[in-house]
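Listed after this line are the structures, all set down as structure tokens.
In the two complexes below, chain A is the common chain; its partner is chain B in one and chain C in the other.
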Partner chain A sequence: MTQNRNLLWLVPPGFMIALFLIGVSYLVVESLRQGSGFGLENFSAFFQRADYVRVLYRTIWISCVVTVCCAILGYPLAFAISRYRGNRNFLMMLVIMPWLVSIVVRTYGWVVILGPRGSLNSILLHLGLIERPLRMIFNQTGVVIGLVHVFIPFFIISVLTVLLYRDATLEEASQTLGAGPVRTFWNVTAPLSLPGVLTGMILVYLLSSGAIVTPLLLGGVRDGMLSTQIYQDVLQVFDYPKAASMAMILLLVSFVVIIPFQILERHVATRVSGRGHG
Partner chain B sequence: MIGRVLASTLLAGFISTATCASAFAQQITMATWGGGVGKAWREAVAQPFTAETGIKVNIVEVPTPEAQIRAQASAPQFNAAISSLFEAANMYADGLLEDFDPAEFPALQKVPEEYLLKNDKGRVIGVSVYFAYYGIAVNTSVANAAEFSSWKSLADPKWKGQLSVTRPIYSSAYDLTIMSVAAGDEENKIDRGLEIVKGLGQNSLAMYSSMAQMNQLLQRGEVAAAPYYSTRVWQMRREGQDELEMVIPQEGALMLPYIVVVPKGAQDRDSYMKWLNYAAEAKAQVQIADIAGYFPLNSDAKLSAEAEAELGQPLPDLIGKLYQPDWNVVAQNHKERLQLVEQSMAAQ
Partner chain C sequence: MMRYMALAVVVVLFALLPLPIVIVAISSLTQTGYFTVPLPDFSLHWYAEFFTSAIWIRLLFVSAGIAILVALVSTCLAMMAAMVIHRYRFTGSSAFEALIMLPLVFPNAALGVAFLGLLSLLGVSGSYLGIGLAHCLITLPFAYRPILNSLRKLDPALIEAGQSLGATPAHVLRTVTLPIIRPGLITAFIFCFIVSFDEATVTIFLIGPQATTLPIRILTEIQESASPVIAAISTFLVVITLAIILVLERTVGLELFAEPEKQN
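This part shows the complex of A and B:
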């Protein structure tokens, strides 16, 4: 009876896994479709297009930059929130508040702030600090700013979860043994929070590599990402096999980038939990 | 007694079901773009049509009517949709649209032949209803409109970072066509036109992905000019943006006729035939011109004095400045054109 009940718990994840596998299988079949038969033509056509290969490199590059920026900006914020002794829930609300506004509206907001005729350029021009408007959006910088703004809450929450549930006695023990705050952070807090950092980085990378709205609205003519190309081929060109092959390439590249992170994450988690031999 | 009650109940149920089915059948569900197009169809066509025929019309605003028709290819939910001619030609080539005997639409005799989309057997693929044109929208607070008297000026390096361009899917159909004309060629010879498109791409600050985005770029003066649709500038000027101007370059602007099409296998032929005939009439088209700035294709349609004043010239004069390509040629080569434009835009 108990065993049957336990098996019931497997139904929802099983359903999710089945949905994922069906989706990916469909994608694989569609990506191999060429005319009335099957083959690898869609993939070879992709790699024969220098502009598409550049788009792929750009996608990886921008996703990596966004991930690093989120880590650099997000970690101190998560750390500060975890140490705050006042109303921490209020700060967490502030972190996730941007999610209450449509991503399109938020992204348009950046045009008003950072555009050639935006508020920031107007102020800088008025103060005489610049002679002509700085180009802060409609280029890769704009895409990175927009994506960091959209995805940094995922990183903060990921790290915060680990920091809030860390074993505080370990830090106390470190300080009792004479280590200062910096050494305690470096030798105790940072290693303990690493699993959260790695999970957050994986999340941000994957979300960035699949972003559509922000690159479309804040990118320039030559700043498209692979997801925006897929979007165009699905919704405007209606070339589903081509779009599926690009989606497969994006999926495989993501695996290649993510797997080392996952191995590192597992290694760190083992060490942090004290079950490793190191 | 019981038998009589049962029979009455069954009869009532049958009548009720038949009435419901009839009411369901007598309905037009039409896909349109947003941005004022849906409103124009509701007010100018749907309301008087329903008052006249009793057939309910549901206008559904979607991002891309073509995407809806393709997604519902096996079971169409719409029995009418608005489309550009090149999209309609593409969809027809893929077997997604109905075709008709032109004699079924008497009002089409008032539409010049070049604005009708026909298959090789002379059957029409929908009803051509109105047109807009594709010229150069200029924010005159940023640039002088006279500086865009030619399409070739868009490739002038002095505009670097001050222009905008549409997505390759539309650029390959519209920009490439009219810029080939500007280069002295036609829609079927595009090499020199492609060079101008490439120059436009290199001068462009952004590639607009929606009308809302382009409207914002123009209104805020983020860009000085861009190839754009007359109806959008018309609408923004009506909302008080007098600094925006639509320029028709010396080589002409591109005429964009629009057509009401019927997805293959759509329900309720009787209703949609009435709807198409109604949309082909001059009266409905004149009202759409007043509401949304699309101009009638039916030659019996006479613009109101207000609409003509907004246009700034008699309608025949405007039509004389527009270039009407063979959209079947554009549709047949669209994938190759798209690839060329994508590559030229990607070039540094």
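This part shows the complex of A and C:
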């Protein structure tokens, strides 16, 4: 009896979940609306426009590049933090701090550094290395730099979560059995941290494909991503079914890439922990 | 040799993490508002402009107000959900948990469009009420995780002891459970506050002529005029964030940020 009464506490959070589900269902339904009926017309209209298809490809491409860059640059950082013997909190702060500062502020930082009148250009000009300012933002390079910086903390934290709580005795065992540090890393540490790497990559891909502030501020007019395209279309003409269908495409694109990753992650996690998820 | 090179790379990468923020902070203290070589003269001009601007100050309070309310609501809702789910494993409890975390797996722009539709269905589009509601939906998973993590550290024997000594459930909650999960609650509250206060990717779809937030206003200002006053505002926000994190670190530590997900 008391249990049933206590379950009533789930009603308020359940109400929020219901609101969320209503929002998502409305998105799905509206994306299928055409005139007074329903159909796939919004979707076929999207794929018939060459410029939209290019934006779609660009979104996938940029998100993949950002994900790979975050993995390559982020792993050494996570590894260094996990091995650091001194005050780890300082390094953690370096990671968490930018994560918690607004995306708008961090992106503005890159505008100041890389912009045509920015710090890097002024330093290079001053040293006489270049004669006129380099164009480093308002193109895809700018978007990739910005997104990698904005999302790398998520990757580092994911890997760190695995590295910090791993079983250190396994590495000791490997070393005792005569493996050097390099072999121990490749045979023990790297496979053990793989679930964290995959989780981090999924997160970064998801965040990059849905990002809007960074591509809006660092991307050029011709280098839009799907999210900025949706935003601009919504601003110009308020056509909700069209926006909804584009959001659905964005959703499907991220899920198509992520689901195989997630299956892989399950598989790896099961093998690494030596048991299945119960 | 290899060792030192690897070390150098890692040090450079660590230095790059705070670099944009540091550059903005230095820029905000110059006359031109740009960190250039040779360094322009020192000036507090942009701070003066920020603090005397009625528009910016109003938006600062609006965003902080929304964030405090959102953090309160989300923390309370997450606490209800976490306590029930932690205590009773019922049919569908893991599905309920998955539904709470669901907003995290949606690309932000898609969430923005979904909330745009939801708010117009509810008749609160383009209002602060609508923005606050959307922020609650986004922050709920951020509040849930740390509270659940702290509940897992709670020894059930303590609650049983309280109850067997004759305390009412409400009394046990107040004197045993709440003090123990306090770090989780504080982390959840601060996390939600920061997420809501900084949110721009979803909010950009939800603003109206009557309702905008500080991050969105900064965003449009960068696009339209790129006035260096943005550097001053940004630095101010960074200092506030830094202060909040320091308080969090001193009071409950930062471990609840990177807690392993226990598999059960």
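Here is the rule we use: the second predicted complex is superposed on the first by the 246 of 278 C-alpha atoms of A that agree within 3 Å, B and C clash if a C-alpha of one lies under 4 Å from a C-alpha of the other, contacts with A are read in each partner's own complex, and residues count from 1 in each chain.
Here is the rule we use: a residue touches a chain if its C-beta (ideal position, glycine included) is under 8 Å from a C-beta of that chain, and two chains touch if they have at least 3 such contacts.
Given the structure is predicted, the values throughout are model-derived calculations rather than measurements.
Trainee: If you stack the two complexes on chain A, which partner ends up touching A:V257: first (chain B), second (chain C), both, or neither?
Mentor: neither
Trainee: In the overlay, answer first, second, both or neither for which of chain B and chain C A:V65 touches.
Mentor: Touch partners of A:V65: none, neither chain B nor chain C.
Trainee: For A:V24, using the defined touch cut-off, is the partner it touches chain B, chain C, both, or neither? Pick first, second, both or neither.
Mentor: second
Trainee: For A:P76, is the partner it touches chain B (first), chain C (second), both, or none of the two (neither)?
Mentor: second
Trainee: Between chain B and chain C, whom does A:L134 touch in the aligned arrangement: first, second, both, or neither?
Mentor: neither
Trainee: After the superposition on A, what does A:L170 contact: first (chain B), second (chain C), both or neither?
Mentor: neither
Trainee: Of the partners chain B and chain C, which touch A:V221 in the superposed model: first, second, both, neither?
Mentor: Touch partner of A:V221: chain B, not chain C.
Trainee: So in the superposed three-chain picture, is A:V111 touching just chain B, just chain C, both, or none of them (first/second/both/neither)?
Mentor: both
Trainee: In the overlay, work out which of chain B or chain C sits against more residues of chain A.
Mentor: Answer, by number of touched residues of chain A: C.
Trainee: Output the chain A positions appearing in both contact lists, the one against chain B and the one against chain C.
Mentor: On chain A, the residues that contact chain B in one structure and chain C in the other are 108, 111-112, 117, 216-217.
Trainee: Within their complex, state which residues of chain C touch chain A.
Mentor: Per the touch definition, chain C meets chain A at residues 6, 9-10, 13-14, 16-21, 23-24, 27, 34-38, 76-78, 80-81, 83-85, 87-88, 90, 96, 99-100, 102-103, 105-118, 120-121, 133, 136-137, 140, 169, 194, 197-198, 200-201, 204-205, 215, 218-219, 222-223, 226, 230-231, 234, 237-238, 241-242, 244-245, 249, 254, 257-261, 263-264.
Trainee: Enumerate the contact residues on chain A facing chain B in the complex.
Mentor: Touching chain B: residues 49, 51, 54-55, 108, 111-112, 115-117, 135, 138, 216-217, 219-222, 224, 232, 235-239 of chain A.
Trainee: Which stretch or stretches of chain B touch chain A in the complex?
Mentor: Counting only chain B, the residues touching chain A are 63-64, 66-67, 70, 161, 165, 167-169, 201-202, 204-207, 209, 213, 216, 220-222, 335, 338, 342-343, 345-348.
Trainee: Could you pull out which chain A residues touch chain C in their complex?
Mentor: Within the complex, chain A touches chain C at residues 2-3, 6-7, 9-10, 12-14, 16-17, 19-24, 26-27, 30, 73, 76-77, 80, 89, 91-98, 100-106, 108-113, 117-119, 122-123, 126, 149, 152-153, 157, 160-162, 164-165, 206-207, 209-213, 216-217, 226-227, 230-231, 234, 240, 243-244, 246-248, 250-251, 254, 258, 273, 277-278.
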